[in-house]
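Both complexes below contain subunit A, partnered by subunit B and then by subunit C.
Take a look at the complex of A and B:
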């Protein structure tokens, strides 16, 4: 075989592979949306699940997922940004910094089920949080923190050095320079990264099985006092999220329409995750344009 | 104290701790606190899981070789047998096979995006790969359960559940990891290398195969190891399609189980503190140790790639 024929064959194989990947994605999304959306209705999105009868919805699960995401982000964002600032501004190039880098790397590669088990041991049992939104949010924080640290560190590092030096030269303290000059400049990147991380948190299930639990108590959606036990806002109640619900009905669903519910819930989950993805990119671009006055 | 002196004292204090120094201290304390928390988290993860997971060995109920090489898992029998070989075999085979399947795809995608059609690649393939990375694992599990398993059941022998179904699902899941690292490696190729090869009259394929592949090999391998590590730790998607039968699989189409799937299934149904429960923690400890091994392998490969 001549070199040219080999070249042609190899290139067509590579192009075919790229095509196959696109096809797989298209088929995946098409299948999920086609099968799922026919089951999605306002009733499905707002009503409670029925364990043994047809016609159950995913209302509480959807709410739990969103609420848990908010709780997680409230804990993760300040901690992640703080540690990210340390990594990019205060860390000296020494052994300790290398060690912390290793810690972040290991933390981000822990399987999510291991993080969930750690949550079960520490947050659920040791802190007596039981299966609750709070325990789930803490477990998700462990899962999400390394990502936030990395996002913040990279965003701060991409701020031009001269900006920082100008701040320091004017006699601002280091912290003031970071807070009022560097963080605003890094903001678009941090925000994009945060939203992408939020998408990941939203779809996470393995870390939540044994922390936020697999059940939801009966919720009273007219009671918004977070200290009442039936209030949706109570952070100390068990909460099954959408992703956990999908897993549960596939594993042990007894409702006659379990496959349709799973398909509908998957479609909803995937649409929300896609919204996070596209939203992060669009917002990042828009803010960047606004901040830098480019067109 | 007369008012003048009092003013002076206040002034001194303010001079010694002016606003910008105080604010610097607050900021510093905050940043240090956050980092300390990271270290505390990882130490406590290792500490708590190790102390639970070592319990069966320390109490003498199960020995390490018994757990690692025992072929029978029957916690209910008398005496209970805790052989985790079926799960180890399941985990290792699904993750290795998934990597073997995904690696060529990832490499081809990276070549396509960096060498053949960068514009099309950036417009279409890159977002596609990112979307694949964003899809939650339960959704992959659901698709595997409702598409791949029935397909395998109708076209091959067996129930459709098993290593092959797990491999197919996992290979799509780890494709983004492998592709993005391969793409980074290929686009950071030393300038002039490729052009030199073309100038010598090599075709594109010759350049890719003889030059780009060997130069970027350590980085490509890093991506593959990261992919394996992700596949090894993936719980729910695998659990949904693998069939969960606790014996060493003899064929790809036979129902099997992995470390993560058995933990997912049995952790909730066992009483905390019982031997059965503690052995599940030992399996979690194995997962933890494997994570460390993967991270160190990746570090080693990265050092080699950097040289």
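Take a look at the complex of A and C:
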């Protein structure tokens, strides 16, 4: 067989496999959306769940998911980017940094249920955070930090050396060069990594079962003082997220319309993840263009 | 002529590799000094000791002294960032930032703390004029630097270097990636710039060294073989190896 034929066969196989994956994905999405969307309404999105009767909603869960996402990213992004900058620009290649890198790799391959149990032991019990948004956000940070660090490190390493030298040769300090030349160039890649991390947070259930908990207290959506116990913004209250809610309804839902609620909630989850992805990518591109004056 | 840069018994090691061997020379002010020699003989290495760009390479060791305007630039009380402001550098490949033409030039001054729009406009115009680029770009300063040709990009990089008001300009094969016409433009520019700046250039092109420089240094394997007035070095070299090199017998 000539190299050319082999090449052609390999290419068609790859295209076929990619095509099948796309089809399966599209079918899955279509099915979930078709089954779920008919159940989605304003009422469904804003009202509280009903354990035993028809007509429950997912309002608090939806809010919990979004709020937990924000909390997690507030912790993850600065830590992850900071550590990534350190690893790529300041850390000398030695035993310690190799060890850190190893830990990061291992951490990122941990099953999320293990991260959840770790969160239970450390944040919930040891730090006395109880089942709370804070404990959940910390567990998700453990879960996400390796990804953020690695993405940032690689994004910075892929900035051409010549750009870095150009900055240094102008007499800019190392930090100014990183901040004003390298980070903007690495921004789209870091943004993509952040989206990936955020998507994982939004869909994550296992790591949250024993950290953010499986219940939501009665919330008063008119009280936005984070220090009040019934305020939605209180980070120390338990919070069942959308993904956890879906899992719970599927496992032990008692309401007569439980399957529809699960389907509707899944559809909402998917749509939000998709929206978030596309929105953030567009934003990333726009900011990159603004930074770099490319048209 | 006054010597601005004095190098005294300089040795540089990359790990165990002895890249510069006992180099001493004086580089005169407001003139063009060219470094020539075969690939790997240490021209770039020496150039990069002058603005301490070698600091970034782990495992580099230096002894001997390099002083600029009388101050040892490897001394304790030297601020590397101030040094690099005073000793600008232009690289082999044009490396403008992925920003607009204006922002490329305004970049250094801005980060060094100049915020007044008027002052920045002035610096940008002067620097672009200094780099003989103003007339070509004055009507689209907001365009991306990447929309320029290679030669224009290189002159933009020169303008960017000029914008932080250096005394010395280091050029490491700054024309080797350019076409002949752009090369000629940069050579003419260098001639103008030497009225105000001290220029040290590395070049692979002996004709270029002969055309534009006042002094020429010939390197071989990390050593200075010959250093003299350009005219003399090319017409009447003292060392046989220089003679062989400039007549194209090796390298």
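What we mean here is this: the second predicted complex is superposed on the first by the 257 of 295 C-alpha atoms of A that agree within 3 Å, B and C clash if a C-alpha of one lies under 4 Å from a C-alpha of the other, contacts with A are read in each partner's own complex, and residues count from 1 in each chain.
By definition in this document, contacts are C-beta pairs under 8 Å (C-beta built on N, C-alpha and C of every residue); 3 or more make two chains touch, one makes a residue touch a chain.
Quick caveat: nothing in here was measured; it's all calculated off a predicted structure.
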item: Which of subunit B and subunit C A:252 touches, first, second, both or neither; value: neither
item: Touching partner for A:168 - first (subunit B), second (subunit C), both, neither; value: second
item: First (subunit B), second (subunit C), both or neither touched by A:180; value: second
item: Touching partner for A:112 - first (subunit B), second (subunit C), both, neither; value: first
item: Touching partner for A:220 - first (subunit B), second (subunit C), both, neither; value: neither
item: Contacts of A:83 with subunit B and subunit C, given as first, second, both or neither; value: first
item: Which superposed partner A:142 touches (first subunit B, second subunit C, both, neither); value: first
item: Residues of subunit A touched, compared between subunit B and subunit C (which is higher); value: B
item: Which of subunit B and subunit C A:92 touches, first, second, both or neither; value: second
item: Footprint overlap on subunit A, where subunit B in one structure and subunit C in the other make contact; value: 171-173, 176
item: Subunit A residues touching subunit C - in the complex, by the definition given at the top; value: 92-93, 160, 162-163, 165-166, 168-173, 176, 180-181, 185, 291-295
item: Residue numbers on subunit A that touch subunit B, as the complex places them; value: 3-4, 6-7, 10-11, 13-15, 17-18, 20-22, 24-25, 28-29, 31-32, 35, 78-83, 85-87, 89-90, 100, 102-107, 109-115, 117-118, 120-122, 125, 142, 145-146, 149, 171-176, 178-179, 196, 199-200, 202-206, 209-210, 214, 243-244, 246-247, 250-251, 259, 262-263, 266, 269-270, 273-274, 276-277
item: Contact set on subunit C toward subunit A in their complex; value: 51, 53, 56, 58, 81-86, 88-89, 91, 93, 95-100, 103, 107-108, 111-112, 142-146, 157, 160-161, 164
item: Parts of subunit B lying in touch with subunit A, wherever the complex brings them together; value: 20-21, 23-24, 26-28, 30-35, 37-39, 41-42, 44-45, 48-49, 52, 104-105, 108-109, 111-113, 116-117, 121, 124-125, 128-132, 134-139, 141-143, 145-147, 172, 175, 202-206, 208-209, 226, 229-230, 232-236, 239-240, 260, 263-264, 267-268, 272, 281, 284, 287-288, 291-292, 294-295, 299
